[in-house]
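Data first, discussion second: the structure below is written as structure tokens.
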Amino acid sequence: MSSVSMAVDFAGIKLKNPINTASGTFGFGWQFQNFFDVSRLGAITTKGCAAEPWPGNPKPRMTEVRGGMMNSVGLQNPGVRGMVAESGEFLADLASKGTAVICQVAGHSTAEYVAALELFEELCPWAAAFELNVSCPNIDQGGAAAGSTPEGAAEVMRACRPITKRPLLVKMAPVRLPEIARALEAEGADGLTVINSIPGMAIDVHTRRSKLSKPTGGLSGPLLHPIAVRMVWEVCQAVDIPVCGVGGVMTGEDAAEFILAGASAVSVGMASFPEPDAAVRILAELEAWAESQGVRDINELIGAFEC
Amino acid sequence: MPTPSPARVHDVTIVSNEPIARDVFALRILAPALAAALVPGQFVNIAVPGNAMSLLRIPLSFAEVDAEAGTIDIWYAVVGEGTERLSRMEPGATTTVLGPGGHGWTIPEGCRRALLIAGGIGVPPILCLARELARRNIPYTVCIGAASADRLVGEAEFEAAGSPVISIATDDGSAGYHGFCTAAAEQVLETEGDDFDYVATCGPEPMMAKVAAAAERAGVACEASLERMMSCGFGACATCAVETKSGMKGACMCGPVFDAKEVVW
Amino acid sequence: MSSVSMAVDFAGIKLKNPINTASGTFGFGWQFQNFFDVSRLGAITTKGCAAEPWPGNPKPRMTEVRGGMMNSVGLQNPGVRGMVAESGEFLADLASKGTAVICQVAGHSTAEYVAALELFEELCPWAAAFELNVSCPNIDQGGAAAGSTPEGAAEVMRACRPITKRPLLVKMAPVRLPEIARALEAEGADGLTVINSIPGMAIDVHTRRSKLSKPTGGLSGPLLHPIAVRMVWEVCQAVDIPVCGVGGVMTGEDAAEFILAGASAVSVGMASFPEPDAAVRILAELEAWAESQGVRDINELIGAFEC
Amino acid sequence: MPTPSPARVHDVTIVSNEPIARDVFALRILAPALAAALVPGQFVNIAVPGNAMSLLRIPLSFAEVDAEAGTIDIWYAVVGEGTERLSRMEPGATTTVLGPGGHGWTIPEGCRRALLIAGGIGVPPILCLARELARRNIPYTVCIGAASADRLVGEAEFEAAGSPVISIATDDGSAGYHGFCTAAAEQVLETEGDDFDYVATCGPEPMMAKVAAAAERAGVACEASLERMMSCGFGACATCAVETKSGMKGACMCGPVFDAKEVVW
């Protein structure tokens, strides 16, 4: 038994520990239930869902790159109703065990974000919070196209804010973070998830074509980590609302860097693919690190980076 | 909740790892619990240590499982950095395998005769199916295609499993018929289609599309084993989607074996 | 002997081949002369120099990260006069052997860029071109602080353009590239070097301090590569002036990706640290790739990426 | 043109690689051309294969060079992932070493007696110097500091090289004096400073700063071997800068051995 209290408050949600999962890398949670008891996590964030189902992009949707991977799934999702029909029972049960379920909201336009969030608000009483994905690099409308300017991101937030009283988070694109973060805070965002995949490109030099069905895709993995830590730190300096750090977390020390940079929660992403129970290993390592720092409470370490 | 993948992470030991054709290796791993669980047409997802820059597992079918000995036989082509690294693993080395992955072949009830068409490194899951057919005493005929004679695998094993290979084709004519193995399959289905209740195919997608079309013309049930770039292998990432007539389906959970009529080729 | 013609025109400079070296990773060239004949390269780009010497940042200035490294050298340089005194003779000789010498220009302000470029123009008759570094992430004024907005970058370019008739290149920060590239093209830039290091952060979780003397540093290495290829491709779509691709080039295939994405030249950066003759190995690999593509001239492959 | 580094990339073979103290290993590599070129106080830059995510070489001093046998003896502390990886290299393994790096100790002309102060893993370059002093018949006295007795290295080797170790200090008192080895050095310099013409030190920077100050008070020439994070090791990157009274100097070319009076501590 650890002697460190790991509970944190993230955007008004009480988490039993700071470990969350990155949207799109953890399905709807039940995919992992055979590998470990998902209710050991502080939170999970579900795959982005829109009001209606989306088919996503053509194949190939994935390629490995040095130190990570690149995807162009393009937010394939069963729509909010499909998601609730398929996974609602599991998620409600998970919520009842004290793991916060954060539902990610996708859209091609402000109206679509609104429509999706309205459905979520109505159909998901068990959801602890909603996360607006204005940063997917793999769709042509909405996603990063909407959230890469302060105006665009603010517009989506402004339209969505009245729909729910529950905490509203925003998943941010890896561009112009401080400005966009301030714009989102001003519109009432409760927390920010930093960062979504960075757009990249991999060319098959033999065929001269993209290794994905689109020219570019979104990068994940350790290659992102030092960039993501810097971005989390910048956002934490810029705003007062809490931040969840995402990007290349493979070990407890990677998670610890986000915590020190100011994040109140940390999401595990692609680490869960080769090692489905990575999130609980990382939780244990984070706890051991906190203990080694001689603190009683992980909260003492949030933002404890010394310049 | 929907049924999650039955996959677990298994510790495995390499028993042997030897070349059997040009750029093709046969790998035998010891993994008793996994071997006991696998059915023909499923796949496993192997971690290949040695390159910290490469993080994902490699999905591979298998050619045979010996549940008693606890071994799994995999045949793989060396096509890139990961399979090259795998080819350097020595007997005795240990790693982990995630599986079973997906679901396998569905041999129709009362199947009288099956036609199997394998192209290139599509042979292993077809060979595994052939052995299952042989166990069930269902006769079958096989067409194998390869780029060239030195890359051809499976001929002896299909014969040993109980059926002569009716047709071999190579792209360069260095063995068997000069051309694609689909030609033979199309001819069989056209002329003797009524004798068959099941067509199974694995290989390059254009080949499988042709086989699927021929089977449909002949009115014979057809299954195809598809490959996709897979990140997880247990339904969590959606990178493995296959377009079907009823929407996108993950190859790792709803496949890799699909009803060929359902696939949008 | 290769059957492929490797000569390219980059921003009006004739290069015997597309391989260049990234500023700050190749000293002033002579540091490598014992390892290989530097005149085999198409070009070299020298460390950024200001009008007066700069001491750079305190130690530690470097840390390794997964898939790369992070530095905060902070443009330590001997000043243009010091550079010419120390390295001028070698560089003049190199130029006479047909390797283009591109001199990088550093400054804390537009006036300082102007002052440095005036000195370069006067003291370096052997220089084939000058590259304005408006993208160093490790200095508080000038560098990325100057070049991260279209207005800032354009201001420096506008002030410098009249000083020289020789080709004027700009080393770009990894932000807002299409807009800034268009602004620079409009101000008369002859070519763009894409990209400089991406800012990152690495925290020692035991001491809770930065692994560098500053909170952030600049990332180099393979981790950048897919991001850099995407950025080069975006810039090539946005402007008509030529681009030199930089970021994580470790192999000929990495260089080939830049060429296919539209770059006319490719710089080798940190690959030269562990392997001082990496640039010539990469050149040979690039040549072999071009041959394997069945072309007579590497120019046929520039921008030959098929969407 | 200024003088470029004489470094080359040498193919080397691991001869032996064994622990000699807690978290400290002795590595012997075979590299005849490099061994013939090295002088005490220089360093080498070794590539440690096995982690594709880690790209840079590791700079290391050496404790002894046997030019005849072509071997180089390196003592290193396991402090992180790279040195841990190095500690797993087996005899017979091959890699490359870039060197010689930098310039070594400059023993003053007519030096009558030297005082050597080594802290922790600062022992190897000091030991190498001691052996050179012994070869030149210059007497010397040595102070060694270590965190604890089980991390202490070099005592026997210094004795074998010809001089008794006058003082051992450990931070925890588990061997010798309980405290820092600087105390003994400061005392020697204060009371017998006139007997010495040369002080050489390598170890943690605060330790070397104290030694430098004591030497300056005693009016004795002092050199210190400094460590910096190095990316290249041959003057190309400027990550290794040391602040000196005449500006920034690269540790890999102008050091690692510096005139202690010149260093801004």
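Read from first to last, the chains carry the letters A, B, C and D; within each, the first residue is number 1.
As a working rule, contacts are C-beta pairs under 8 Å (C-beta built on N, C-alpha and C of every residue); 3 or more make two chains touch, one makes a residue touch a chain.
Given the structure is predicted, the values throughout are model-derived calculations rather than measurements.
Interface comparison, A-B against A-D: more C-beta pairs in contact at A-B.
Computed from the mean C-alpha positions, the centre of chain A lies at a distance of 34 Å from the centre of chain C. Our note on geometry: chain A versus chain D, Cα centroid distance of 48 Å, whole angstroms. If each chain is reduced to the centroid of its CA atoms, chain B and chain D end up 58 Å from each other.
Shared interface positions of chain C, i.e. residues touching 2 or more other chains, are given as 66-68, 222. Looking at chain B, one finds that residues 52-54 touch two or more other chains. Shown here, the protein chains touch in all possible pairs. On the side of chain B, the complex with chain A involves touching residues 1-2, 4-9, 47, 53-57, 82, 98, 228-243, 247-248. The touching residues of chain A, counted against chain D in their complex, run 66-67, 222.
For chain A in complex with chain B, the residues that touch the partner chain are 24-27, 30-35, 47, 53, 55-56, 58-64, 66-69, 71, 73, 76, 86-87, 89-90, 221-222, 270, 272-277. Residues 65-68, 70, 175-176, 198-203, 205-206, 208-210, 215-216, 219, 222-223, 225-227, 229-230, 233, 248, 253, 256-257, 260-261, 289, 292-293, 304-307 of chain C are the ones touching chain A in the complex. The part of chain B that touches chain D in the complex is made up of residues 51-54.
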